[in-house]
Structure formats: structure tokens, C-alpha cells
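Two complexes, one shared chain (chain A), two partners (chain B, chain C).
What follows is the complex of A and B.
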């Protein structure tokens, strides 16, 4: 039988990419899901599957790590929203020809590995380091070090994920047509009303993409709590890493990963249901 | 329906196989079985053996492609072999007990030619004279690997804050003293942390533990992590010690303190307690690396050649001071090798007290209920989350 006739041209042309997705995306994911059902501390899928790993997780204190990860991510996203909106507004409307320069300033650090940047902050914040050492030398004051505290972890996360909130948000703000703003002012709206009724709703697609992107990335954050926080907090991604490395308990690590995907996936779907990105984007 | 289930399951199994093949391929390349391996060598090791300083001269002289992957914990390396990577690696470099107690009985490594390799032990320090226990199998007949780097490994103090004498006398009770809350760090090295928490709890780690001891272990782990200023890697510990963030940290020895000492911070010092709950009332734990030939069905002929290469006094000195951490080597027993070490290098590895500290330490061993203790410790670390 002729292959070309049995499958349509669309499917036929999509085959390479489908195959690529299957091998590169679906297969590892399915392997992780498969591993989560095999007995703890074993390495072969060729054995009877059970829910043992999931039962163990529900009987443990793993929920603490989930809560820390979700909590830290939520706080990070809120702080980012407050910091990024004014900058995004500036980039889209105020900075003019300097906008490119400001964008570059936010982009350039991305070329340096996250770990290197975080270790840089360690040297900045550590006792007798750049900040505290200078304060001591110049003013003779010796405040307590901020390193290895919960606050510094949030600082690190806000710092690392800022571009992921800022750029979609800038896009969102720049999508608001000047005419709608002008029309609102002409019809007697106050500055606050223009912001609330026109600018915010119209820039929502960008804001939502920024929220989702930075939230999903921040839930999986691990380096900030490790490097800046000195493991004062164990986020879920660190729990997963321990299971896959020191504990050599791949099935437990896989089960934790599956649960994390489920939790984050559900939250993202809920948000997407509330804000239909396609519809908002399609309106333009 | 049944058929669908079956095929889905096969698909998953095949996917896992493919993933494993890709993972293995990343290290050794997807090579056909029993290809010519005379110019290829793969080493699974602790950091140092994977450095260019050690490998490049060997690469040049043999014209071989040498790949080395460094990991920083023994159980992971052993499990890689167990998971089927015996056909990837030629040499494995792990701490002392694994060769004779686990890898040889499980047929993961193969014996060496005793007549050829044992003479190298006669040139090593007095403690390594043949037949050297950790290099031999249980019967004492088979030579299972070569010794090189070793050292005491208990904890590290900043002697400006805690004197060496105080640390040696107080020993593991430093961690039981509430006054030391938030004054110490914990090096992220979970297998050694299990040993140390047993010592702090007051019992020997290297034995099967009673339910009471296990309960005590859990309480002690919680206390230790709750009181820790931070948990981190070697660089973080040394930086925190030098800057004054912490006064001491556990899981440490010449291995972890030597980079700071080599940098001139001689107040950072590895300490071995004078007494403790270990066998014979000893207070410290030491490690000795044994490098063995993997039971690879298609073993590279360069494996044994490499083991001989690192015995050379010059190369042994390079191994001692390869990038990463700096350590004493057994080959220092040979005056030709010892004379290559400068005074600064000897200071960095605390050669002045090496012998007495090794004498005060028991040798690293396998914890029979390690998995259980590790799970308890991981949970304790999580419970202490948030400070």
C-alpha cells in the first residue's frame, strides 16, 4: 500500500517533528512516570508496579517542601509584579531611545550562568564581604549578615526571574494602543481610571504570560535556596535532587516529580481557564 | 484493551532503555560491542583524577582518548556500575570498603596481577605495606585495587574562634552544646553527615543500629540541622569560615580544608577528636581511596597502564595537588615523591599532624542501615526548613 495515500500530507510532513517530540519530550516524561510506580530504590521498569512511592510521600513531611516551593514562588511573583510593572511601563512609554539601553542592562546578566551570579551575591553579602566589609571599614558598623536567611532566598529569586516577568509585561504594556488611552482621557477618565479600566485589562496578556512564566520557573528554583539560603529552606526540587543522587531512590524522585508536575500543571490550567490567553491575544 | 496495555508498557520500557542508552552514550559514545579499545579509557572517579594536569600527560604519551567523570559520593558511583555501566567504565576510584566488601563480591570489578602491582605498595607509606587490607579481597588472595589519596575526615574549625586543643578535647560534643547554635555549617555530603550525626548522637555509625539509637539519630539530626547556620559545598564552607560567618563545620578534613589552607588561611584546620564513640574509643574517621579495574567485558588495556602511571612520584604529586582539593598520597612514603612537596604544600595538607590524626581515626566503613538513616536525616533536614 502506498504510504503517502494512507496518511495525509499534513501528518506526513509533521512526522519528523512528531518523532522528535516523541523521543525528546514524551519518552523521558513517560520514563519518569513509569519509574514513579516501581518499588523504592530499584532501577528496573521490568517489575510489578505499585503506588508505594506515592503512599510514602503522603505519609512523609514532603508537603513542607511543596509548600515552601509554592509559597516562595508566589511571593516572588507578587514582588516581581510590583517591581516590573513600572519598569515595563517605562520601557514601553517613557524611556524612549534609552529603552534599548535599559533592556540591554536587564538582558546582559542572562549571559552569565545563574550559579556564578548567585555566588557573586554571596561575596557581596557575606560577613566582611563587599557590603558588610565596606560598612565596617568606612562607618565602623557591623550589622548581622543577611546571608543564609529566608529573605535573601526571596531576593535571589526576584533577581534571577526578573527578566522573565519584565519582558512579557513590557510586551503587554506596549500592546495598549495610544488611541484607547487618549479616548479614555477625552471622555473624562481620571489617571487611575485609565490605568484600571484601559491599560491594565489591555496589557493583561503580557502580564499573565509573565506571571505564568516566572511562577513555573520559580516553583522549580533550587540554586537560590542552596547558594544564598545555605539550605535553610529545602524546596521540592532539592528534595527531588536528593532522591536522585544521595538517596539513590529514583522511584521516589520520579514520584515527587510527577506530583510537582501535577500540582503546577493544575494551577497553570486553572489560571488559563480564568484568563483565556488565546482569546485575549486573538482580540488584537 | 489488554493488548493496548501491553504495548504501552513495552513502549515505556523501550523509552527507558533509549533514555539509558542516550545517557550512557553521553559518556562513552554509542560504540559497537567489543570495538577496539586500545586507545580509549573511561574513568569514574572523585575529582582530581579527571583534571587535565593528571590526564593530559597520559593522553600525550599513549595517544588515547581518556574520559573521566567525577562524582562526589561513593554509593552513586557503585550504583552506576550496578545499573549496567560496567561496560562503559574501565576504572573506578572510590573509598576503601567498597572494593572488598561490595564491588568484588558483586563481580563489578576484577582482580589485578598481584606480582605486577604489589611491588608498588612496598614503596608506599608504612600503613600501606602489602598485603594492604583494603586493597585485598576477604580471602587475602586477590589484589583488588591501588591506594593513593587518603586523609582524616571529621570536622574543620577556625582556630581563631575554637582552638585546636578545645576542638580535639570537646570533639563531637561541640554539636551538643546549645551555645554553638548558628555558629557552625554542615557540608553537603550526605553519606558523611550520616556518620557524623551518629558520632554526635554518641554511637558507632558502622554497625546495625537498635530502634533506640535510630530514634536518637532522628532527634540529633533535627537538632544539628536546626542549629546550622547553613548547609553548603566546600567552597561555601571555606568562605564562611574565612569570613567569620561560622566558627566550624562538620564533615570535613584535610580534603575540604586544604584549598583554604593552600590559599594562606592556615587558621582553617581539620581536627580529629581525641576520643569518641567509634571502635576502640577513637574519635575520628579517615578515608583511603582504592582505584580498581571495572569488570568490563571489553576492558581497555590502558586501565592497568593508568594505575601504574599514577604511581610515578611526579604524577602522584600532581594527583595530590590536582585541581579541587589537596590530599596526602600513599606514595609520599617514597622519598622521591615526598621531596617534591614544598613546605607550603605540606602545610596545606596538615602533614605535621597527619600521622597522629590517622591513628586517632577508624577507617571509613559501610553503614549497614545507611538507607534508613539517610531517609531519616533527609526528613530531619526538611523539618528544620525555614530555620
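What follows is the complex of A and C.
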């Protein structure tokens, strides 16, 4: 009884979830962090720890993979922002009853595995495939295939991560009250000023969540570069996969994973600090 | 500027949504510097009318003339008018100062000029000067109300529109703000066009009131005229508790109430009036000892009483018809529930109205 009193009802009720999160979420992370400090190509945590894996990474060309992943993710997010804002605006304010239909069209592809969809694009773009085959048969022209280029990787990433940018953004745009927009317009603002002064700042929480979600996912992207890019580029996730599988070097893979988490985590925190969601939402 | 000249003229102004007519052929002249209130129940088209006047909704037909110039096709951001919204529509991501200065920033007014104007408006509206940097989301309901008004005044509009801005405010504060708004109207000398569903609110503030019903203006007049001479049953009932009897014309100042099977002495029956209603205000009805105590008399049963502070209302049922009699607290009626009582009134205290 004494114990129950000291920890209070709130803590007591939160305890099961807390334990579940510790076991299910923190434990694997801690395991990865632990493994990153043991000697290369070994499998036991109970030996002397060192920074050997990190030193190996800093002396290797892994930074190229980091740069590719971060660069491709950044380009993807920027393109997504430009594509998604008009669609989000339409979904939230213009399409009316057709918004459901458009939403459905963007959602249905999510029901099919990402790999299957990417192979679909391979069939579309490959030499003698849907696009080039048709061009050849109907017009007799035979351009180079775009497969296995950096452009097609970005295309694939934009395609795969579009819903993760679109839906939070739509939510953000729909959070702007009509009367607030009308009020700005009534006070003499032009359409552009209404957008800049009212719509954009007020839909910023949704936009930021879309940015973060699609960026974090895109940094971890691997299938696009493998399937559409033909392994011309090795993103960091691919490096990690190679370390854990072919190379059987779990400690190196773990160290790479930790570094990736640090880089992405730092960037996310920086963005969250710059754009305080509560402040944007006007809660404070 | 001639204060008697019309600033805003509406000519057969109409708005239809598909087959539904929200606003039907409204003709109205609003005088420069006037506080004009449009009153109507929800769905009467008053908000649609206001949105057409501000330029947020286009008119289906008819004209809106501002000082004689047709402004139908002028968008809201080009009109020299400004609206205080029902939700106030403050910018939640901006401070009190930034909200008030919004229209000045849009016009590229220098920051120090903007700030001086904002602080001046804040002083005028009794907002503390240190609220300048305060987030609007931290302001109370009444303060937000004043920020919204200051923001609209900073635009320096020829006409200020109000879309029920006080409807979500509690009674006591609303009463204060109503009077403040009328004072601001006096200080600024601007034309105010206000819409509300509360005739009580309209009475306190307005120079003139227009009553709307189903998209049409059914009566326009001063608060006194609307109160003492409603033209229709709709307008008379809109004012509050009234006693209404269906009547038919019988003589030059006699009507017949079929429901009670009696003839009633009434004000002069207008030419052409055949059937309508006789309206008697609760304070004009009185309890009488015998039938000679008033020009008109009905016998009923005292059913219930309601204490309204300084006044007491009595519900008297004559057959199934409910009458409300109102007395000052000092003159409370001594009757008990279910007593048979006589209620009476004089012809001069009743009003004949059409449907």
C-alpha cells in the first residue's frame, strides 16, 4: 500500500505503457548503441568496448553514403513541398466533394508493397518497356532509358513519400479558419499577402510535420536507389544493410546506424526548436 | 461631408444560391455616420447581406452604391470598408500590436508610424499599452473584442461592419461592450452597420434598425418606432414577450377575436385591414377587480409566476391561450395559482399588426 501511495495513480496507470515502450522501443536502440562499441566482426556485448568502429567509419568513404542519403532526402522534400502544397490547398479548400476521391487515389497505392510499385516503375521506364516501347512502336523514336540515373531515384522517392508530405500538409492548410483568411483580405491584403501573412504561418504545423516525416523516411530510403537506381548510388541504409548481412560485421552496422540516428536526430531537433509547434499553433 | 447624405445605397439587392433566395430585392439607404443594425433570426439572410456589402460574396442582381458609385465588382480588399467578424478572426500567430497594425503593414506604413497608431487606438479602446507585445491568444474575451475593433479602425474604413461580434460573450460584459461600441461610434463618427439576432442589443446601440425575415427587410425604423409601432406580428414577437391575438376587423375601432368569442376595442382599424393580430405588451396588461376596470377584459386562470428581478411575470391561461402579465416587483399581484382572474387592457395600449 505504501508503494502505491508514493508513486501516485498517474504513474501507476502509466507504468504498463512505460514498460512496454522501454522493452519495445528503447531496448533495441540500446542494443544497437551497445553493439556499436564492441570489436569489429564479433557478436558478444560482454567484452571490452572501444571506439574502433567509429574510427573505421571516419577513415572510410562512408561519408559519401551519408551525403547521398541526406542530399537525396533534401531534394525529395523540397520537390514534395512544391508539389504537395497546391494539392493540399485543393484538398482542403477547392475540391469539395471530390476531395475524398483524390485522397483515395493517393491512398490506394499505399496498400501495395513499395517494392512491387517500384518494380512497376522499372517496367514502365525500362528499355522496350511501357514508355520507351510505346514511343518506339508508335513514333519510331528510341531515347535513352532514364532508369539507373539519379533523377529516377529522386522520382521514385518523391512518388513513394508523397502521401507522408501531402496528408499532414492538408491538415495544416485546413486548420486555417475561413474567417481569418477573409479578415486579412478585408483588411486590404492581396492574395499573395494573405498567403504569406496568414495562410502559410497558420498551416505551418502541418507543413513542418510533413517535412519531418518525409525527410526522416527519405533519409532511410534504400529501395529506390537499389531498384530504380540500379545500385549506382549507395545510400547509407544500404551501407548498413551490407554491414549487417553480406559483411557479417554487426558492430560496424550498429555504429553506422548510431551515426545516422545522431545526424537525423540533431536535424529534427534543430527544426523543432526553430519552429516551436505550440507557438505556431498559438497555444502559448 | 454632409451628414444627411446617404453613404450606402442598396437597390434591389438579391442573392440566390441555386433555387434558394437568401436575400431578396433589398432597397435601403444608409446615412453617413449612422449606426444601422440589421436584425433577424438565423437563416434570415442577414449574414449573406453583410458579406455582399463587404465584398466577400458577389450579388446575384441589384446594385450596391457607395457614395453614388457602384461597387458590386470591387473585391473586399479594395473596398474602403472593414468588418469585425463573429469569430473576431484575429491572427493567432501575431501579437496584439501586430494584429492592430496588419492593414498598415499591408500598406507599407513605416514601423514607428504603425506602432504610434496602434498605441493610440489601444488607448482609445482602453487596452493597456503593455498589451502591445502580448499574444492575442492570451487576451480575455473582452480584450480580444477590443483588439478586433482596433484592427478594423486602423484600416480607417468609411463603413465598419459588425457580424454579431458580441454573441459569444457573457451577458454582463456584453452589456458593457454594447455601450462602449456606441461611444466609439460617437467618437469616430464613422458609419456602423451591425447585424445581430438580438433586437435588445440593436435597441441599445442603433440609430435605426432594419428587421429581416426570409431574405427581405420587413420593417425599417428607429428603435422607438420598431418597439412602439411594429407593423407585423413577426416584428412584434421579435421584440420579446408579447401577447398576440388573432383578430378580424369589425368596426372603425372594433375587432373580433374568434378564439375568445369577444369583440375588442382596438386602435383605429386601418383601411384595408380585414384580418391580423392584436398585440398587447405584458406591461400593458393588468389584473382588474371587475369588468369595468378596463376597456377590454378576459377571464382566465392564474397558472404560474416568474420572478425576473425588478419585475414579475404572471402566466394567465384563457382557454388554452397563454397571456403574460408583467408587474413591477413593488406591485406584485396577490393571487394564488389556479385562481380565476380578470385581465384587462385599454385600446390605446394595443397595436394592430398584419401577419
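In this section, the second predicted complex is superposed on the first by the 277 of 284 C-alpha atoms of A that agree within 3 Å, B and C clash if a C-alpha of one lies under 4 Å from a C-alpha of the other, contacts with A are read in each partner's own complex, and residues count from 1 in each chain.
Here is the rule we go by: a residue touches a chain if its C-beta (ideal position, glycine included) is under 8 Å from a C-beta of that chain, and two chains touch if they have at least 3 such contacts.
All values reported here derive from a predicted model rather than from experimental measurement.
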Which partner, chain B or chain C, touches more chain A residues: B
Partner chain(s) touched by A:186 [first = chain B, second = chain C, both, neither]: second
Touched partner set for A:202, first chain B, second chain C, both or neither: second
Which of chain B and chain C A:241 touches, first, second, both or neither: neither
First (chain B), second (chain C), both or neither touched by A:114: neither
Contacts of A:61 with chain B and chain C, given as first, second, both or neither: first
On chain A, the residue positions that both chain B and chain C contact, one per complex: none
Partner chain A, residues of chain C touching it in the complex: 54-56, 75-78, 81-83, 85-87, 89-93, 102-103, 105-107, 135, 137-138, 151-152, 155
Touching residues on chain A, where the partner in the complex is chain B: 23, 26-28, 30-31, 33-35, 41, 43, 45-46, 60-62, 64-65, 68, 119, 122-123, 126-129, 145, 147-150, 226-227, 229-234, 239, 242, 245-248
Complex contact set, residues of chain B against chain A: 11-13, 15-16, 18-19, 73, 75-76, 79, 82-83, 185, 188, 190-191, 228-232, 235-236, 239-240, 243-245, 371, 374-375, 378-379, 381-383, 385-387
Chain C partner contacts - residues on chain A that touch it in the complex: 177, 179-180, 182-190, 193, 197-198, 201-202, 279-284
